[in-house]
Amino acid sequence: MEEKLTREEVLHVANLARIEIDEEELAMYQVKLKQILNEIEKINEVTSYDEGMLICPTENKCKLREDTAGEMLEPREALKNAPRSSGNYFSVPVVIGETGEASA
Amino acid sequence: MRQVHNYLDLSLIEINKLFKEKKITPTDLVLEAFDRVEKNKELNSFITLNKEEALKQAKELEQKEVDSLTFGIPIAIKDNIVTKDLRTTAASKMLENFNPIYDADVIKKIKDANMIIIGKTNMDEFAMGSSNRTSYFGLVKNPWDKNRVPGGSSGGSAAAVSSRIVPLAIGSDTGGSIRQPASFCGVVGLKPTYGRVSRYGLIAFASSLDQIGPMTRNVYENALLLNTICGKSSNDLTSVETNEDFTRLIGKDISNMKIAIPNYYVNDAIDKEIINKLNEVVELLKKKNCTIDYVDINYIDKAVPLYQIIAMGEASSNLARYDGIRYGYSYETPENIEDLYLKSRKIGFGPEVKRRIMIGSYLLSGKNAKEYYDKALKIRDDLRRNFLATFEKYDLIIGPTNTTTAYELDKGLDDAIKSFLDDILTIPVNMAGLPGMSVPIGFSDSKLPIGLQIIGKPFDEAKMYQLASFIEKELNLDLNPNGGEKND
Amino acid sequence: MTNYIPTIGIEVHVELKTNTKIFSNSINGYGQMANSLTNVVDLGYPGTLPTLNKEVINLAIKAAKVLNCNIRREMHFDRKNYFYPDNPKNFQITQSRTPIGYDGYVEIEVEKTKKKIYIEEMHIEEDTCKSTHRGDKTLLDFNRAGVPLIEIVTKPCISSSTEAKLYLEKLKELLFYSDISDCKMEEGSMRCDANVSIRKNEQDLFGTKCEIKNIGSISNVGLSIEKEIERQAKLLDSGETFKEQTRRFDNKTCDTVLMRVKETGNDYRYFPEPDIPYLYITDEMITEVEKTICMLPDERRTIYIEKGVSDVNAKKLIQNRELSDYFNTLLSEKTNFKIASNLILGDISAYLNKNEKKITDTTLTKERFLELIEKVDDGTLTSKNLKDILDVILEKDISISTIIKESGIENITDDSTIREIIKKIISENPESVSDYKAGHDRAIKFFMGQVMKETKGSANPKLAMDILKEELK
């Protein structure tokens, strides 16, 4: 039998990615994601490695920016590419539940 | 009818001379470039043309002094680099109507250098692909054989330079996206050292792998273009200061250079024709008393799984911003916010992009992040150190750019694993943040270009150009796909 | 009160007082026109990259110091991935693995006993944009997107609502005093979440945790914790169990309301932010920041009281950072600090409030203030005639003694003049003299009152008292 993920696992991933998938895609991903997982299992052949992580191949140390203001956009310009707006605001269909705060 | 001069077949030095002697103007070049776009329409190398603005700019340049070799030269820009007020789509329906409100750092530099942007080139959607067949705006054809792919993802830029529409183009390379199409189309393409060119304004695919680079007809002009676009930017924390002329070693003697060829780069998966061409180059170098050693670089064979984890992971996060709220495609009649997300992203992204976002999300979700992602970053660190250790003994690494020459347009596209195999020789370079370039070294029996990959240690592009220019001169290939018949 | 032991942990987000945002150079401001404080980075435009504001790092180091945290020397940032309309990139840049500060504490005093509230970690992150619900739409204002935040997370070591409130008050005082944040809960520059669980005995495992989010004031943090403890106790008493959940505090009902039950933990797909290289904190950076840390409230309180300032005045001074700072400039001098604190908190404060001025905007230099204190201390100036010349003292840069002289309110310090007046008063009030002789204290007060009345308040009180006592013998 072909190895595959469960429907729920794939639906969970599709929801994380916020991509709507149909039955056909669902079936395809059940197999594909499993294949990929098997493929990357190859890294487990490597057993001796250093603990240091290469997050980005740069020798740069993070240079800090001075706290002085630069140019900003006019609200009109900020909204230029917005599909929906209302006055100076971006607009989306109502979000029910939480009020938008950073403490998520 | 205007007389056809084929100025665009001349070298930048020759064009510069004609400018200085006032025999031609930038407008002549721009008009010729657009003529060539028209003649090569079938290639589909451009998504958006910038004709009006280009002509206006050419006119303005007539009042200015010719100050550099790049002055007044038409250039094509890959469509994942944002250009203010010039549509930038990343070849996606998602950004079909996206008009950026700022210029990428490289675009500012190109404008400051008085180059003229002809248009935005076709590419794989969000640079995800290596055959330029995932573009929402249709596939691009290889100028050498219109039944074959130009490579990708910078396929439009490669085809535009190869077909001599423009002398210069900008591409971007995350896993081989400059080098592979350069090799397929017979042009010179360089992926600079990570940090050499500011990524500010490059629509991110995988942040720790992406790099913008030059694609040109020859080595010298490639170095010239790198001179223009490189440098530290306060907008990109990973960019570095450059204070050098990349042309400075071109034409200099290469005798006694120490060169390594990884054993992995001559493995069985690589076409015999390509290995043969590589061997011809090796003979050439040996005659110049270069050392050529076959070496092992640990974990180089793991670069593809590392790429799948890291590139897909970063991509899934980088592409989360396309949600139909601030810009880009937005589903017209969503029932609620979740519906807006789900439908905008379902409809706005093509299948390959969705596939990669799904993979990335999956590999970062739950326990996978700890189990695979962290480990990938650790092995990646080792891989880079193994490369750097090799460079303690050798000046440069060489090998083929690709395992094959350009394949046919209808070759199977949809294979989760195989689609990365195009890039097994290019991906390790991005993983380690090294500079890598592809330079043409000949043709297959079916007259398809073959590229040699040259890999340097970080920030050693000048030496790569030195070797590349030697090979270019020795081989003296005719790289115009239109062959003897002139481009008229 | 219930017979359960509560365990409380608190998470606080504070917005940092910087000029610009954390990852872009647009202005960090409040109350401006919607979407007028943004740039392409804040909007998460394709191709944009973060830069890191130096002041954010300085303030975070400062906060770590003030909260007695260890400071990490090498760190990276992480991406927290989740879709929400207020989250422009649909990932938030934060520090999940390498928080800048860890293992700190804040000391509070509960019923005269000191207790340390331990801080697990504090990290830097970006704020989201502000959303407002209007009918069937949600409107988004990105002015707040990218405002720098630090999140301070305590260990689950708080055992009552009182401790929670004391901790928050102390935290607020420390952060406000150190110029790290405005800490205005009403404007959202300080936001609190509380995690509450209860158990029967100390030996028991922790109970099921409920998180109360975004509580709007410190007193409501107290209330919501109490309500939550009650609610959980009631459930446990009746043998019910409940799932981990997120709740909010409803201002109207003064009770907590369920928002959502936590299913299987959120899947935020954290991974290291590749666009920001490793950040290294050097000794020099820490030393530079240490120089900017002012004396903290606890230390001020101790010193003030040592110097003879009353408890009430010490507290009042500390509540006004600017006056307290001014007061601190005197600490190295020899003067009467009790009088100094009375003057600052009394007439001078009244003047400053009326004229909407800062004390540093007046002409009251340290030297002139010392002179003023001396003149009050030695009785040259009475509180009444001080009022008459206060405006001049605070607005003109002339020596205090000159002002006193020129104002003509100079006290009668001439021995014979006062003695004459006193003699007259004594002869006119024989009953009070008898009172005095019988040992009634109020008699002397009466005589002093009469002296001041006769001299229109201009007699040097110290001198008058001495003569009065002599004459009454």
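Note that the chains are named A, B and C in the order they appear, and that numbering of residues resets to 1 at the start of each chain.
Quick note on the criterion: contacts are C-beta pairs under 8 Å (C-beta built on N, C-alpha and C of every residue); 3 or more make two chains touch, one makes a residue touch a chain.
Just so we're clear, the structure is a prediction, and the values are computed from it rather than from any experiment.
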Can you tell me which chain lies farthest from chain A, using the average of the Cα atoms as each chain's centre?
C
Please identify the chain lying most centrally, where each chain is represented by the average of its Cα atoms.
A
Check B-C against A-B and say which one is joined by more contacting C-beta pairs.
A-B
Centroid from C-alpha atoms only, then distance chain A to chain C, rounded to Å. What do you get?
40
Distance between the CA centroids of chain B and chain C (whole Å) is 56
Roughly how many whole angstrom separate the Cα centroids of chain A and chain B?
25
Give the residues of chain A touching no fewer than two other chains, as numbers and ranges.
12, 16, 18, 53, 55-56, 58, 60, 62-63, 65, 73, 90, 92-95
Which residues belonging to chain C are in contact with no fewer than two other chains?
40, 43, 51-52, 81, 83, 85, 138, 140, 267, 269, 272, 274-277
Which chain B residues touch at least two other chains?
98, 101, 207-208, 234, 237-238, 316, 320, 323, 325-327, 337, 341, 361, 365, 377
In the complex, chain A residues that touch chain B:
12-14, 16-21, 29, 32-33, 35-37, 39-46, 49-60, 62-63, 65, 73, 77, 80-84, 90, 92-96
Residue positions on chain A within touch of chain C in the complex are 12, 16, 18, 53, 55-56, 58, 60-75, 78-79, 86-95, 97-104
Looking at the complex, which residues from chain B come into contact with chain A?
98-99, 101, 194-195, 207-208, 234, 237-240, 299, 302, 304-306, 308-309, 316, 320, 323-330, 334-343, 345-346, 349, 354-355, 357-359, 361-363, 365, 372, 374-382, 384-385, 416-417, 431-434, 458
Once bound in the complex, which stretches of chain C touch chain A?
11, 13, 18-20, 24-27, 33-40, 43, 51-57, 76, 81-86, 92, 125-142, 149, 151, 188, 191, 193, 213-214, 259-260, 267, 269, 272-280
Residue positions on chain B within touch of chain C in the complex are 81-82, 88, 90, 95, 98, 100-102, 104, 199-204, 207-208, 234-238, 313-314, 316-317, 320-321, 323, 325-327, 337, 341, 361, 364-366, 369, 373, 377
